[in-house]
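Next come two complexes, and both contain subunit A; in the first it sits with subunit B, in the second with subunit C.
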Partner chain A sequence: MINRWLHPGAWWLWALGLGAAATRTANPLLLGLIVAVAALVVSARRPQAQWAGAFPVFVRLALLVIVIRVGFAVLFGVRVGTTDLFTLPSITLPEWMAGVTLGGTVTAEMLVIAFIQGAQLATLLICVGAANSLASPVRLLKALPPGLYHVGVAGVVALSLAPRIMVNVRRVMQARRMRGRPTRGLRAAAEASVPVLESSLDDAINLAAAMDTRGYGRATRTSPTERVLQAGLVLIGLVGIALGLFAVLGASGWGWLLLAVGLMMAISGILVAGRRIPRTRYRPDPWGWPETLTAATGVGAAVAVIASSSSAISLPLTWPTLPPFAAAMILAAALPAGLTPPPPLPWRTA
Partner chain B sequence: MSQLHVVPLHRRTVAALSAVSLVGVIAFFWPFFVSPQSVAADHATDAPWFFAILLPLVVGVLLAEISDDGLDAKGVAMLAVLAAVATAVRPLGAGVAGLEPMFVILLLGGRALGPAFGFALGSLSMFTSALLTAGVGPWLPFQMVAAGWFAMGAGLLPQIRGKAEIAMLMAYGAVASLAYGFLMNLSFWPWALGDGSELSFVPGAPLSENLARWFAFNVATSLGWDIPRAVLTAVLTLLAGPVLLRAVRRATRRAAFDVPVRFETAVDEPVR
Partner chain C sequence: MIRFSNVTFRHAEATRPVVAGVDLTIPEGDLALVIGRTGSGKSTVLNMINGLVPHFTGGTLQGQVLVNGLDTRTHAPRDLAGVVGTVGQNPRAGFTTDTVEEELAYTMESLGFAPDTMRRRVEETLDLLGLAALRNRPLDTLSGGEQQRVAIGAAVTAGPAVLVLDEPTSALDPTAAEEVLAAIARLVHDLAITVVMAEHRLERVVEFADHVIRIEDGHCALEDPAAAMVGHGLQPPVVRLGQAMGWDPVPLSVRSARRQAADLRTAAFSAPPRRVGHDGVASVVNTTVTYGHTGALRGVDVQLRSGQITALMGRNGAGKSTLINVLAGTRAPDRGRVRVHQDDPTTLRGQALLRRIAYVPQDPTDLFYTDSVRGECEATDHDTGQEPGSALARLQELVDTVDPDTHPRDLSAGQQLALALAIQLASAPDIVLLDEPTRGLDYPGKVAFGRWLNSLADAGCSILVATHDVELVAVIGDRVIVLADGEVVTDADVRTALTSSPAFAPQVQKVLAPLPVLTVEEACSL
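Then we have the complex of A and B:
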């Protein structure tokens, strides 16, 4: 297959599908399988770019989540089950700290429940980490809807300027060292920030002039009716969302309907706003069959796990069994490791 | 001295900002007023997911509205460069979350360029810095809203100048960065702890009990980082604030945001 970037949306759908599956099962075997699949695909399709090194960071964060969760269960846990393991000395905190009891008896059930709930979160974090290291952030920004074009441009410019500003910080620090000024400590950081910010602000004014001369941001004329329509859709939509949320939280039946209508109005408001910004995209990311396959395997894993596994942990504890259908669908999510085009080589990175 | 609004505060922008802030308040504070019969109470650990999907949509609508209403090339360039500075200095922060230098940039940006621009700057900076450090996750939408409020608040403070302004910004920076930590804890508290501990959220329990549990959760997890962060933000504002604020204000004067653009028909002058 020719090397090319897979659409970032496909990787995010795939990863969120696997992540949703992880939050819907309490089966540690399935969770382990999801982690294995994510790690396999990342190792096979990770591009050689700086942001692609995120996966190990997320794995470390995931392990930390499990440790914290189990630690909280030992320290603050409420007694569940009957298999006593050990007893810690216990203290009761004062009333203004919720009258929490620290320590006490720790049971095997408490530890297992905390571990599995921690492992669900950890698996989800690993899936998100996989998406972070597979999907190109700049390409994701470019795929924003036209209504967000201006903010998207600001985001793309910020992403490409940030590394240069970091280089500027280093240069200013070097100059300070050569002049015998301190380069460590708060005062040094505060003093170094002035030349860095000044040069960046000059850049901003030059950039704005360059954009203006090239005719950036010329919107087409719109009729007053269209502007009123847009403003109305957005505002009524947002108010509808807020009222819908209140109704859902207050357990009214019609809250969901109000929420859905509000969302649809607000989104169509963005679409109407996008019509004012006519633009064409230079070499858009294609959505071909590898993208469809990637997204479908992720969503398929979520559907299969939701259909055949439960997120409740049954007591007394039993050894988990592997549901064959869900396991097969999770394994199918490893297909993108071999069936998607590999990312471009480093000298062609985006 | 009156304040400069890079994004003019039309009634439309104010209405959209208020509506989105209301949705944000619900997304953070729902555990305190959810009815025990509600779906959200039964699915307390799933609700943060729902908001993590809803918030980006709502913030997207607001950013589209702000950029449509008053962001020209100069505004886009200023937004991009300040977001780039905030993104670049985020890794320099100390500690786990390490946000102090970024907070100072957001504080000064929101202060000098107005509340609506501040919200856009705060949320965009969180987004781009998450992309650059590959930190996109379910926490990101909440961070975007909280950072947007952080910068917006600096623009909404009373318009005074001189030493009093820096003192006010220091106090605001310390309080607001502490509040930021508490808000972020609140956003994942029902979800991170499950229901099996004494610090967990209890759906439908009296407000005072859940507030006490939330406070205890804050003390048990992040207060040790939040307090140094608040102090550092205030100290950095004191050290770098006055001169950086002048720099940003000078740049905005040079960019002449408040000069209206007029097109006039050219008058033919006789050529001699």
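Then we have the complex of A and C:
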């Protein structure tokens, strides 16, 4: 296959599908399988770019989540189950904090439940981390519909200014040292913040001027009716989404309908807004069969897991079994590791 | 093409206009060079053409500026984007995407060009500016000259009639500057683009110009280059040489000067010696510094000598800043030994550091953290335990026109440099490290700067200046170190170094070769 970038939207659909699956299952085997699949695909298709180093960071974060969750269960956990492991000295809290226990007996059930709940969140984090190191954030923002173009540009600018601010900080701290002033402590940070902010502001102003001279923000003239239509659609749509979500969470039957109508209105508002922006795109990432395959395997894994697994943890604890259908669909999400085009090779010095 | 009709511009709340009563017309397809002292309003004149003045900067513009028939009063910069291409002073700061190809397409995307047109134009521009090999490169990995050429390419892909360039070569090494100028000349010749360009370092540029717009006290007019280069302090060495020798017409290029200098080249010349200095101030021994997998310095050996000005030269990315950082102790070497006297500079802090090393970064404002010149000077007196007012006195020795209540960022480039030196020299350090100090300095500013460094060196200081400016090195340098790819390729006295390589030869040397003459003053003694 010829090296090319896979559409960033495909990677995100894939990753969010796996992530959704992770939040809907309490089966540690399935969770482990999801992590393994995500790691496999990342190692196979991660490009050699600076932003692609996000995955290990997210893995560390995920491990931290599990440690914290289990730690809390040990310290503050309410006794569940009957398999006592050990007893910590318990502290009796004053009357007004009744209901919170510190220490006490720790059971195996408590630890397992905490571990599985932590692992769900951790797996979700790992899936997001996978998307972050597979899909270039800049390319993702570029793939936004024209109606969201200005939001996308703001994102791109933020992404490119953040590292420049770090460079400014380092430069100013070096200069402070050369003036013989301390480089640590609160006072140093306060004093250094002035030149850092000034030079970062200069950067931002220069960029804004450059973008202005390059035609950014040019809009075609629109009729007032069109503007009212666009604003109305987006506003009513957003209210619809909010009410719909509220109803869905409250398990009312109307929620889904309201949500769907709200979404449709907001999307059509964005599409109408997009017509005002006369912008075209240079060599957009194509959506071919590898993209469809990638997105489908992710969504498929989510659907299979939601259909065949439960997010409730049943007591007494039993050894988990592997639901064959869900496991197969999660394994299928590993297909992009081999069936997508590899990312372009990085530029190398001679 | 570009017509200024009685244009006056005033910043908001300013009493004096930046420029007043400007009337001029730049014909289509010509290259106009805007010159003037630092802060004279060169950028303002340029930005009137692309509409940033007054739409982006604010202020009051009287009169009318017409670009290709469009009035900048009714057309904002974004509306002029298809007509005027702009390249700012720092191309890196204006990049909006992350790879070369996308950067070239950005303006066309904003203007809504059809995808197949965009594709074709990008390919044409890649070829026109010699960027084809770089097409997929991330912009961060490009050298300064390459970035400048990408910025120029990005400004011309949309097919503008006018190209505005603000100091396109001031940050570049001599070879990269030649490449950028060649690219600009090609645009003028092949695409008949009208180019308006501001520049401080005129030595390479003036021969390309069809017109010169010299700004003085807010006034300017379109002049013939040969006439415009006479009678003021903004002259490149070759013009000064021609004037000193009484040549008529005054030469603007090395080539025409050589024709008139035939007699001069046969004269006898005894080269005046430069400072030799004494060993033992600072040493860099077999030092290697790596960033990732690339070596910024590879086994470098350098001895700094007291009472001597050493120029550190080489391409962008050759390791000049890294060597300065290693000597300043802001970067520890991966291998090797660095000593300033007996001290490892990375261990120095506070007073001990100030007594050993003075450092002026590329952007002197990094050093400032108060809101006035007086505040900076008082902080320095306090830090170094000197009498109140001594830093300010030192500053006034360097420049006598600074108002102590000015914000450091509002000073001109030359005044900022003077303030940085006045602060950093408080404890009479042994070595002075300067990273690209003359960026943004005009010729009179450079003469003053050279005088400061000369008196420091005469007082026994060891000075290391990283610079691309061969003309500055020819005047003040005693010794030249050339780095290439992290290694020392030349370490010699200034005359040997600058006469042996065409890339580093100053203009006077090019005119008078084979005589080893470096400066106009030396040529006058022939």
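To be clear about the criterion, the second predicted complex is superposed on the first by the 293 of 350 C-alpha atoms of A that agree within 3 Å, B and C clash if a C-alpha of one lies under 4 Å from a C-alpha of the other, contacts with A are read in each partner's own complex, and residues count from 1 in each chain.
Assume a contact is a pair of C-beta atoms (placed from the backbone, for glycine too) under 8 Å apart; a residue touches a chain by one contact, two chains touch by 3 or more.
These numbers come from a predicted model, not from an experiment.
Trainee: If we overlay the two complexes on their shared chain A, which of subunit B and subunit C does A:132 touch? Say first, second, both or neither.
Mentor: first
Trainee: So, does A:198 touch the first partner subunit B, the second partner subunit C, both, or neither?
Mentor: both
Trainee: Would you check which partner chain A:242 touches, where first means subunit B only, second means subunit C only, and both and neither mean what they say?
Mentor: In the superposition, A:242 touches subunit B alone.
Trainee: In the overlay, answer first, second, both or neither for which of subunit B and subunit C A:211 touches.
Mentor: both
Trainee: According to the contact criterion defined above, which of subunit B and subunit C contacts more residues of subunit A?
Mentor: B
Trainee: Looking at A:263, would you say it contacts subunit B, subunit C, both, or neither? Reply first, second, both or neither.
Mentor: The answer is first: A:263 touches subunit B but not subunit C.
Trainee: Between subunit B and subunit C, whom does A:281 touch in the aligned arrangement: first, second, both, or neither?
Mentor: Only subunit C; A:281 stays clear of subunit B.
Trainee: When the two structures are overlaid on chain A, which partner does A:60 contact: first (subunit B), second (subunit C), both, or neither?
Mentor: In the superposition, A:60 contacts neither subunit B nor subunit C.
Trainee: Is A:177 touching the first partner subunit B, the second partner subunit C, both, or neither of them?
Mentor: second
Trainee: Where on subunit A do the contacts from subunit B and from subunit C line up?
Mentor: 138, 153, 157, 191, 194, 198, 203, 207-208, 211-212, 216-217
Trainee: Which residues of subunit A touch subunit C once you look at their complex with the stated criterion?
Mentor: So the residues of subunit A touching subunit C come out as 49, 138, 153, 156-157, 160, 171-172, 174-182, 191-192, 194-195, 198-199, 203, 206-218, 278-283, 344, 347, 349.
Trainee: Can you name the residues of subunit A that touch subunit B in the complex?
Mentor: 23, 51-54, 57, 65, 69, 72-73, 76-78, 80, 93, 95-101, 110, 113-114, 117, 121, 124-125, 128-129, 131-133, 137-138, 140-141, 145, 147-151, 153-155, 157-159, 161-163, 165-166, 169, 186-187, 189-191, 193-194, 196-198, 200-205, 207-208, 211-212, 216-217, 230-231, 234-235, 237-239, 241-242, 245-246, 248-251, 263, 266-267, 269-270, 273-274, 276
Trainee: For subunit C, which residues count as touching subunit A in their complex?
Mentor: Subunit C residues touching subunit A: 50-52, 55-56, 76-82, 84-86, 88, 90, 93-98, 101-102, 105-115, 118-119, 122, 136-138, 141, 154-155, 158, 294, 325, 328-330, 349-351, 353-354, 357-359, 361, 363, 365-369, 380, 383-384, 409, 423-424.
Trainee: Touching subunit A in the complex: which residues of subunit B?
Mentor: The touching residues are 12, 15-16, 19-20, 22-23, 26, 30, 33-35, 37-40, 46, 49, 54, 57-58, 60-68, 71-74, 76-85, 87-89, 91-92, 101, 120, 124-125, 127-129, 131-138, 192-194, 196-199, 209, 212-213, 215-216, 219-220, 232, 235-236, 239-240, 243-244, 247-248, 250-251, 254-255.
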